[in-house]
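There's a structure below that I have some questions on.
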Amino acid sequence: MYLTSDPLDIGLLVARVHAPSRGGIACFIGAVRNHQEDREVVRLEYSAYLPMAEAECARIVAEAESRWTCAIALQHRIGTLEVGDTAVAIAAASAHRDEAFAACRYVIEELKRRVPIWKRESYTDGSVEWVGSGEEVAKRESGEAGRTVRGELTSELIARFNGEKT
Amino acid sequence: MYLTSDPLDIGLLVARVHAPSRGGIACFIGAVRNHQEDREVVRLEYSAYLPMAEAECARIVAEAESRWTCAIALQHRIGTLEVGDTAVAIAAASAHRDEAFAACRYVIEELKRRVPIWKRESYTDGSVEWVGSGEEVAKRESGEAGRTVRGELTSELIARFNGEKT
Amino acid sequence: MSGIVLSTVTVRILLFGSYAQRLGVAALDLSLESPATIDDALNRLRSLPGGEALPERPLCALNLSQAGAGTPLTSGDELALLPPLAGG
Amino acid sequence: MSGIVLSTVTVRILLFGSYAQRLGVAALDLSLESPATIDDALNRLRSLPGGEALPERPLCALNLSQAGAGTPLTSGDELALLPPLAGG
């Protein structure tokens, strides 16, 4: 599983890709920042279209592993994250460092471009925004977080949607 | 201290550079590979000109931190390492990933180019070579490891050399 | 007996992120007159409360793969509307 | 009494890696006729057993900073001969 609601540990990912023939391991950790442009972030929530996100992560990893002859470990967290928490962790191990760096960079760029994951940020001024939507969707001052969604956007629900199909 | 004879832990380096304002952390781990070109490596020994290596590491870190507005943690191991052991670990944390990747890459390239560290590899055929010297310096078959050096090339000795100066 | 029987396709619609929040629903079944394309489904969704805010060409995935607006739909399909991605 | 007193500079030489192994020593004190440069120290080292294998222009550090062959030496200097670096 590439998506998880458990805290991420880069050491575990490194251990997974490390092997005696691989001398270079490049890693990337994306952590929740306390600011987005000029606004102060207090927390955020990642949601995903889980089955598609899993499939797309698997494709990206396979592409990188074949192109650079390396081993990739990738995890992205979903659910509520606080400032400082790790949102994504990648480890790419190859015989040499050029390949490891290139593969690691490829995985984070393609993940951002292709994997269906969304991020809702909460700011210190009480506002909330779906990142990338270009609009603020709710202000705490104007009542609750906008329109209530019937059916929580949790991983459980999305998994259930998928399970319902026959 | 940038040079250490203790095992390296990338998680500790990440923790050292991580901060709420830094969302991107790029890391590099250089591990002992089981092959060098076509020869099988069994172990190797890193030695260093310690005071100069420490000063040069500090300069490289300062250069990277100022050029990319980031925080760098760097450690290089000395002493005897087995295949799979981590020889060097770098973590570079910045607000954004471009800077983190660039800084991390800079540090490993400059370290290889400028820091006085040497590596003596032992191979499965019993031969031993100072990497980069272009020549095999000793064969176990032809007696002991070449000429005996009066004064072991240990970090302790080198530190003592330096301490002897008045 | 003498009337024309219109066949329909029923697809599962999944909404995410800001789209789900605007329409107030994360999943629904939609029945469309056959033959139907992704564009037909999008037009129906635009007629729902909050649906007017959907962009002209939202990113869509049909059965887990990205698909264009002209792609035909079959009963049982899962059509997901994907707001701008923001992983990483 | 009537002879000429030659002044000397005494420098600490550090050898590393393959250089230490070839000369069989990791550190030694070298006294040279004043004035002396790094090149003078290198020539003296080449006359020692194993020293003939030193390259024409080895990488040198004088008091922890890289220095060229023409750099003058002062008593108490630490001159290190650095074989090809192999960290990382």
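Residue numbering begins at 1 within each chain, and the chains themselves are lettered A, B, C and D in the order written.
Operating definition for what follows: contacts are C-beta pairs under 8 Å (C-beta built on N, C-alpha and C of every residue); 3 or more make two chains touch, one makes a residue touch a chain.
This structure is a prediction, so every number in the text was calculated from the model and none was measured.
Q: Under the touch criterion given at the top, what is the topological distance in steps from subunit B to subunit C?
A: 2
Q: What whole-number Å value describes the gap between the mean CA coordinates of subunit B and subunit D?
A: 25
Q: Based only on mean CA positions, could you tell me how far subunit A sits from subunit D in angstrom?
A: Once rounded, the distance between the two centres reads 56 Å.
Q: Counting only Cα atoms for the centres, state how far subunit C is from subunit D in Å.
A: Result: the chain centres lie 79 Å from each other.
Q: Residues of subunit A touching 2+ other chains?
A: 30, 108
Q: Using the touch definition from the top, which residues of subunit C touch two or more other chains?
A: Counting only residues that touch two or more other chains, subunit C contributes none.
Q: Once you've mapped the touching chain pairs, tell me: line, ring, star, complete or other?
A: Basically the chains just string along in a line.
Q: Following the definition at the start, I'd like every touching pair of chains, please.
A: A-B, A-C, B-D
Q: What part of subunit A is in contact with subunit B in the complex they form?
A: Spelled out, the residues of subunit A in touch with subunit B are 9-11, 14, 18, 20-35, 83-84, 95, 97, 100-101, 104-105, 108.
Q: Taking the touch rule as given, give the residues of subunit C at its contact with subunit A in the complex, in rising order.
A: Of all residues in subunit C, those touching subunit A are 12, 14, 16-18, 20-27, 50, 61, 64-65, 76, 78, 80, 82-88.
Q: Going by the contact rule set out above, which residues of subunit A touch subunit C in the complex?
A: Touch list, subunit A to subunit C: 30, 46-49, 51-53, 55, 76, 87-88, 108, 111-120, 130-135, 137-138, 146-153, 157-158, 161-162, 164-166.
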